[in-house]
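Each chain carries a letter (A, B, C and D) given by its place in the written order, and its residues are counted from 1.
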Amino acid sequence: MQLVINGLVIGSIIAITAIGLSMIYKTLNFVNFAHGDFVAFAAYIALFANTSGMHLASAFLVAILATIVLGVFMEKVVWHPMRRKNASRTTLIIISIGLALVLRNILIFIWGGSTRNYNIPVRRGFEFFGATITPNQVLVIIAAFILVFALHCLLSRTKIGKSIRALSDNIDLARISGIDVDRVILWTWVIGLGLAAAGGVLYGLVTAIRPDMGWYLLLPMFAAVILGGIGNPYGTIAGGIIIGLSQELSTAVLPTEYKFAVSFVVMTLVLLLKPEGIFGGAK
Amino acid sequence: MGAKVNILEVRDLVTGYTDLNILHGISIHIKSGEIVSIIGPNGSGKSTLMKAIFGLLRPRGGAIVFKDHDITGVKPDAVVRLGMSYVPQEKEFFPSLTILENLEMGAFIRDDDISDSLERIYAIFPALKEKGHIRAGALSGGEQRMVGIGRALMLSPDLLLLDEPSAGLAPVMRDMVFEKITEVNRAGTSILIVEQNARRSLGISDRGYVLETGVNRFEGRGLELLENEDVLRLYLGG
Amino acid sequence: MIEYVDILLPYITTILLISSIYAIFSLGLNLEWGFTGLINFGHVAFLAIGAYTTVMFNMSGFPLFVSVIAGIVLSGFFGLLLGIPTLRLREDYLAIVTIGFSEVLRFILLNEQWLTRGPFGIHGFGRPLQDVIPYQHYNTFLLILYLVILVIVYFALERLVRSPWGRVLKSIREDEAVSSALGKNVFWYRLQSLMIGSAIAGLAGAMLAFYISYIDPNTFKPIETFHAWIIIILGGTASNKGTIVGALVFCTFLSVTQFINRFLPFTAHQMGAFRMIVIGLLLMILMMYKPEGIFGKKEELALSD
Amino acid sequence: MKMDILSVKDLKKHFDGVKAVDGCSIAIETGTVVGLIGPNGAGKTTMFNLISGFERGIGEIVFKGIRTDNLSPFKIARCGMVRTFQIPRALTKMTVSENLMLAPKTQLGERIWDVWLHPKRVREQEMQIREKSRDILEFFEISHLEGEYAGALSGGQKKLLEMARAMMIDPSMMLLDEPFAGVNPTLARKISRHICELHEDGMTFLVIEHDIPAITKISDRIVVMNEGKIMAEGEPAEIKQRRDVLEVYIGGER
């Protein structure tokens, strides 16, 4: 039971961070290897705001905002010019690796490589069917639920959300319909990175934060994206939960250190057996 | 209708993909309120012409003028704003969006209430109203075509480009599509059709052009074109 | 005067030694990426397999030469294993799977202490001719040996990429549909390239182990893979000569920047991070503005479309 | 009585419910030129992809007595069937000569061990292949382009290059996808002359073409496809007289 709860908590974080990875993968047609480092960046901004006296709730918002600003900046300076040059997918992938290195080491440069915690009171967990749940874990699950619901409303109710879906559906027709493709791509970054940032801050609530946390989240996120089918946000959420659960449940039989390997194995199996993802999704 | 002016004029258009030129100097014009068909054997450059007019392909020579604006090499979203819409031959709808959302995408550049446009589309295609919340990908071919044309009509364009509107449809559906096209035209939209089904599309057209390997060879009034022996010879080489 | 030589000579020897190891490591990747277009982000895994296999074989009593061969063969074999699920799919799947593999492997090396001694690392294994060469000249000997190996690897690769085999690789990199329409087994060629590239990385692993005479899992962090990427892109994708020059330039850069903290108020930790920032920026800027590198031919660059 | 080099029986291919190819059977005699025509979307290119193995369908394809419907494209090519592409796919970052020398099958130098251990034999074979490539370039009258990067060629020259490259594997049958599309008239005449010359030497061709006057001139037989089905088959003169064929092109209602 304890493992299930831990799995759900981690899984929901993987799910909301991976949505952005999945959306960008589909819309811009490349794998953003720097995605995890945006997650870490957000966690550190929250840490910075929090330790300089801000309440965690406002630090949460500051972190999301800062991450989005950074993402928009990158779109303007790197991705948009490269798209105009018709850069190949592989070029973009390699650039994203460079960006990942830069971001991660900026964090190390400023805050050092050690683990940090938010400045929040430690509260006792409560019993639940023989497992202990901390209030923070509850908070994470609730927040993730709210975010997924908000995302669902955004994608299905608002014009910008619909145009994001339109873009990943049929980018040529979107252009023909007069949709300002560049602007919608910008919004895709904003939403994807906003969710990633939220996930990063929440991650800091349940475990300590480290500069390379984004790196260690990257593989589970990829696994979630591939499991759920690229560009399918709902599939990615399900994939994230599955990965989170299987990681935690694996600790019942395997040493804890191999949690990380679980997502790798799951991902490779999916690639071998059903490369388009188990929840459908366009290839 | 008063003196008819040219709503679209294409002069000596040259364009193509990679380094192969597909069009070698096409000149056509459409008067306000007309239906004009472009016919011709496979590979004569009909679809390419459409794409070039709409700004999806960069012209390498010649000029395109739409309602007195020079739109040579202008991007599609700007062309849309000027009042032109385009229904491509394939993938003319967003498969994972619902019918309603597909139509909304057609009015993307409008920020105000679009219910009037929706009502207008529903009046033309009543079938779309009932199924508004069904994903377009799950519809039949004929319904998908309606979604595609409906999307393009959301902004009440002055000129509608249709690329093979009857392709891949059952005969009943074809009849319906051509009927709707005339209906839309009567409401004031000029229409340019590219069709393989030359007889049907010329049947509803005011004028027609015959393309042959990237140049326009014949121009004439509607079905009269098909009485021309040279045109027939073009199709099968006599 | 004499003092300078005494300090400088070992210093240069060290740089050249490291450069030659990096050069061979990167040549393997250049075969995969430069000539075949495979994105391998877990190249370091094969360095690790080569190093660990060599060392562990040697410590269980096999002669050095046999151990090195075992390291090379096993690295190639793992290249095969990773290639099978991914090389039929889109090119980015290989990137994701290899990067995952290299980290999973590092975890295994860290945690299976019965096999690898985990974080404590392994030392005390044999090095080539260590009983014959006097200690103070050992690095010089190693350098000569490594340069010979580098020359052999270089010429073997050059012969390969200039052969009909290399021609097939180039055609696959550009348009695999054409290659298969002409009767070339695209999947099998990609697999061969990945295997050979990995085997070469395995050789570099053995060389690395002999040079530092101590290996632990943290010698094989993912960053090593990206060092190789920088080296290749710096030198010019699909140029073996460029890769070697790239390795030399890069290792000199790494080594010289160690002195920068005399001028900048950085801690050692910050200095490391600063170097990585520079490397990351370099990778981005090269890919954005000069993807053909210093020695690459622009006409032959596979990236431009 | 000549043998059928290729026989296709009841071939089908559906995409998301659309019947691109819907039960087609063709038999092609050795040494003939067969033209495949039909309006857009009739399924000609899908048919090509099925025959050359680039797509999988249902049905039976027998080429030179071998069932090929389950083989990968490269294996089919090795049986001696080579195809070109609608938009010419020259390997633009390789020279014209490299493009040609790539093609021959079972080159010694395509095996790693032979490259390392038998450089001399590999070199000798390369010389032979180079000789052959020069002969073929000469045949197609593009010898002067030998050292150019293929990317520098014009669209029409790329079509010639593609055919020349295909010739390098000594095929017994060539599938040409719109050899005259986008090519200027002089070059088109040249291409059709080359096809005729190769035909006289006994090569079999299946040619998709929309330039009907050009294709009827070079073909022994014409196959007309419409809506995934074969609607007519016969000699060019016969096909040209058929009213129903004209009707599908200009859209007669049936």
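Keep this in mind: contacts are C-beta pairs under 8 Å (C-beta built on N, C-alpha and C of every residue); 3 or more make two chains touch, one makes a residue touch a chain.
The UniProt protein names, listed by chain, are A, C = Branched-chain amino acid ABC transporter permease; B = ABC transporter ATP-binding protein.
All figures in this text were calculated on a predicted structure; none of them were measured in a lab.
Counting steps between touching chains, the shortest path from chain A to chain D takes 2. Note: the chain lying farthest from chain C is B, by mean C-alpha position. One simple way to say how far apart two chains are is to compare their mean CA positions; for chain A and chain B this gives 42 Å.
For this pair, chain A with chain C, the centres built from the Cα atoms lie 31 Å apart.
Rounded to whole angstrom units, the spacing between the C-alpha centres of chain B and chain C is 56.
For chain B, the set of residues that touch two or more other chains is empty. For chain C, the set of residues touching two or more other chains is empty.
Under the touch rule stated earlier, the contacting chain pairs are A-B, A-C, B-D, C-D.
On the chain B side of its complex with chain A, the touching residues are 54, 56, 76-77, 80-81, 86, 88, 91-97, 101, 104-106, 108-109, 151, 155. Across the complex, chain D is touched by residues 156, 159-160, 163-165, 167-168, 170-171, 174-175, 177-186, 192, 196, 299-302 of chain C.
Touching chain B in their complex are the following residues of chain D: 18, 39-41, 87, 154-156, 178, 181-183, 210-213, 216, 239-240, 245-246, 249-254. The touching residues of chain C, when paired with chain A in their complex, are 37, 39, 41, 85-86, 89, 91-93, 95-97, 99-101, 103-104, 107-108, 110-111, 222-223, 226, 229, 233, 269-270, 272-274, 276-277, 279-284, 287-288, 291, 303-305. Put simply, chain A touches chain C in their complex at residues 30-31, 33, 78, 81-82, 86-91, 93-95, 97-106, 108-109, 112-113, 215, 218-219, 222, 226, 255, 257-258, 260-261, 263-264, 267-268, 271-272, 275.
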